[in-house]
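Shared chain: subunit A. Partners: subunit B in the first complex, subunit C in the second.
Moving on to the complex of A and B:
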């Protein structure tokens, strides 16, 4: 579009002005050079060798295919692996639902469209959500491990706290984006604050809220793996246990079961999501 | 594809959603599926709480202690005595934060480049249906494996070090970006591609003269969103990849020295970096993705 403007801005009926193209070319080259410089600098900082990394991918995959094929003996562990995967999946559902219940309350109050009138309160809610979201998962897990010790509930709590922060971000965005018309119409008819929230805010946002919840369930299964590794529960713990004791066939079984579960959950939540829009 | 034409009056009665798109389902079906989904999720939550192991701790006392620990972490961060124990210096903390940011940047650059080409194959309007489905399926499988498992696999397969961390994070990142990029590619105006093809442009000319300029802003904002996620992942896997970084220091402070004041300092450093990344990505997203 700006090419057209640049050409039109030049002298008419003469040779077309090519400076826009030249500038674009320069900008592209400058961008590429900048990325390469940043990449090289970062490689130096963290001792990363691109050649070694790329060269070892084939070997890594060959190694995986050799060792990770589940053997007949490892199939005896299948019921246990499935049970742990189910419990990890259930934990991530529960963490999402509880986080969503808390998240909806706070994000309604903190949103710019239907939030509370007092701006500092809205700002405080946003700030707290941002802090919860950005405290590393490891820090939550280690903190809770000290008081709640090693059990499934600790993993659930750590997952809940990180999910809460992330869902708040998505929910706040959703409530900020709802159309102002219905809200304004209700307000001008003299609707109370809660009437506006329940008759305009929630019905307008419900499909997006559900969609984010389902997305969170999917991503939480992956986060739960990491948290499980730290808190000694669920599929992450099982994987680490067999992996560090060199029983790769069962570790491979864990990966395959995880793939199947995640793909199945994704498929189900896609169907649910499509029926809502 | 079937087409139907509507009079202006009929078109006006079509139900539209909040963004003005035409609804594909009836209000009753929609309400029903929202209710069913909520019901299933709540039922699963109840089941989870019933069968969950709560350990042997007194939950009330544990909660009180967790709150006290949280206070110690957030309100009394310190590296030096009396609160801290001098296990870390500011130099180590800052240096390891820089290493983590470097790992994040490398992962993002690598995965952006690889994903761009994979997304060209995965986009339905640019490649054949078979190739598109193969790449999409492959990417879905890669995405379903948690990042931490990729990292653990690579640490054994190619040895401890930043290479394992970078490859582990990049695999998941590539899968995510390929999906986002190819969706952006699929949204561009079919006419532009057709016009270029009709005038005899080669595939790469179509890509670099039509597809890239039309989507570059979206690609960039997706990449920045992923940069943010990659930082979180780089912190998280730091403890396991042996590549150093702030995640490793965090793990040391929390599970070896048990010093929450030192954990607090490291958490604040992570927070500052994450805020900067989030600020940049939210700005870009507001400017390019939402206001389309």
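Moving on to the complex of A and C:
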């Protein structure tokens, strides 16, 4: 129908420019070639050989299978490993949830949709969040080790601070994107600032907020293991202990238990997510 | 004179700082010198092409948009310069319904209706959604009244457009308003739902003495339901009269030849939108009137 209108409009129809498709293809090919060239160049500079790396994978796996398969004796350590994994998991859940609560408060205030009216304050909140986020978790852990020494609280704080920064980014995006209509409607009814936040802002954002929080719980259980290596606590410490004393069977047991836990938590959080939509 | 009308709008104007590059003047006016009055129970429609300032006018009345000139007197009180708490009291009595319903779509119908009470509640009770038993019963009554009693616990995003708008009306009635400002309440609805919503609004004016000020694109609906019609063009009032006085010539006068001026009176990002929509909306509405 639109073609009919164009003809009826009397404008002479120009021959379509088909070379556009060819140029498009050439650009795609050029892009692929560029990626390959960059990869080769980088490999050359740092003496990386893809062939050698790939070739050594089978042997590496064979070695891991030989050494890291838990032996019958190592199973005696299972209760202790599970206990430490649970403790690490709970630690990271606690850190994430507290970071999420703080994150919600600050991202509400820093958001453009329902934030505080003073733009410099919003900017400051965003800047602080960005700083927390951009210091790597390991760096936080090392920094905090100096003042808090090797204990569970150090790991907790490191997790909390980076999670807070991460979640602030996600939460700010979520709050920025809530529709303006319901917020305007509540303001027009005479609702006060906090009433608007609790009755429109949070209900509209809550599913996304929870989804991000669950995602961070999942990632943090993995990160907590790593941080435990540094702070000498939790399952990370147990792994390090057995690994450095060449008792690979128990170290392997730790890995397997950790994997099972992470998968279980992921499954639970997926169920939680689905029930919230 | 001012005290005798429920609402008295005098020389209302809104101008924006022009932020467009290459704009010669310092300000662009979206509304200028609009005056009218409204009495209890009147059904007033505001018609005019897109970008004529209908939305700006409506939102200036309850100061969701701050007018830059003129005065608003509501129930004998000058509300033009009211502070935050005074404005909150006024907002309770001036309800609003919207083209996009503006429900909190993740909450149930009944929760959305109860939002109408927020202006009366303290910060804590309102934030936590702690309503009294009377308020809850009242909310159910109002849902029944708009024919949605059985949908009370249905989430707002599972309702149809017409149902959402009726929830919006119930929410505004929860405020016990004296005036309802309706911003294109039927623009997103099919003809049957549109008629239903318009019937409900008219019933409110007749039975409860609530004043309805309704922005409309559908001139035929305006002619059928209004006690009085106000025509806006390029931010100025160009017509005010009964539906009988709004002859096809008058209507055409309101809608015609607006392209250039329409673009001039709006600011920044809305320009493209308005310029694109104006001729279509105008043509459609005039066609409908004849």
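To be clear about the criterion, the second predicted complex is superposed on the first by the 255 of 277 C-alpha atoms of A that agree within 3 Å, B and C clash if a C-alpha of one lies under 4 Å from a C-alpha of the other, contacts with A are read in each partner's own complex, and residues count from 1 in each chain.
Operating definition for what follows: contacts are C-beta pairs under 8 Å (C-beta built on N, C-alpha and C of every residue); 3 or more make two chains touch, one makes a residue touch a chain.
Just so it is clear, the model here is predicted, and its values are computed rather than measured.
Undergrad: With both complexes superposed on chain A, which partner does A:71 reach: first (subunit B), second (subunit C), both or neither?
TA: neither
Undergrad: On the A-aligned overlay, A:138 touches which partner chain: subunit B = first, subunit C = second, or both, or neither?
TA: After superposing on A, A:138 lies in contact with subunit B but is clear of subunit C.
Undergrad: Could you look at A:112 and tell me whether it touches subunit B, subunit C, both or neither (first, second, both, neither)?
TA: neither
Undergrad: Looking at the overlay, does A:207 come into contact with subunit B only (first), subunit C only (second), both, or neither?
TA: Both: A:207 reaches subunit B and subunit C.
Undergrad: Thinking of the overlay built on chain A, is A:191 touched by subunit B (first), by subunit C (second), by both, or by neither?
TA: Only subunit C is touched by A:191; subunit B is not.
Undergrad: Who does A:199 touch here: subunit B (first), subunit C (second), both, or neither?
TA: The answer is second: A:199 touches subunit C but not subunit B.
Undergrad: For A:53, is the partner it touches subunit B (first), subunit C (second), both, or none of the two (neither)?
TA: Once the two structures are laid over each other on A, A:53 reaches subunit B alone.
Undergrad: State whether subunit B or subunit C is in contact with more residues of subunit A in the superposed arrangement.
TA: On the superposition, B touches more of the residues of subunit A.
Undergrad: For A:270, using the defined touch cut-off, is the partner it touches subunit B, subunit C, both, or neither? Pick first, second, both or neither.
TA: A:270 sits against neither subunit B nor subunit C.
Undergrad: Could you look at A:239 and tell me whether it touches subunit B, subunit C, both or neither (first, second, both, neither)?
TA: first
Undergrad: Of all the subunit A residues, which ones make contact with subunit B and with subunit C?
TA: Comparing the two interfaces on subunit A, one with subunit B and one with subunit C, the shared residues are 204, 206-207.
Undergrad: Show which residues of subunit A lie in contact with subunit B when the two form their complex.
TA: 35, 38-39, 41-43, 45-49, 52-53, 56-57, 59-60, 63-64, 87, 90-91, 93-94, 96-98, 130-131, 134-139, 142-154, 156, 177-179, 204, 206-207, 210, 213-214, 217, 221-223, 225-226, 229-230, 233, 236, 239-240, 243, 255, 258-259, 262-263, 266, 272, 275-277
Undergrad: Mind listing the subunit C positions that touch subunit A in their complex?
TA: Against subunit A, subunit C makes touches at 62, 64, 88-92, 94-96, 98, 100-107, 115-116, 118-121, 123, 126-129, 168, 171-172, 175.
Undergrad: How about subunit A: which of its residues touch subunit C in the complex?
TA: 181-182, 184-192, 194-195, 197-200, 203-204, 206-207
Undergrad: Spell out the residues on subunit B that touch subunit A in their complex, using ranges where they run on.
TA: Residues in contact with subunit A: 17-18, 23-25, 29-30, 33-34, 36-38, 41-42, 44-45, 47-49, 51-57, 59, 62-63, 65-66, 69-70, 73, 98-99, 101-103, 105-106, 109, 140-141, 143-149, 152-154, 156-158, 161-163, 166-167, 232, 235-237, 239-240, 243-245, 247, 250-251, 254-255, 258, 260, 263, 266-267, 270-271, 274-275, 278, 290.
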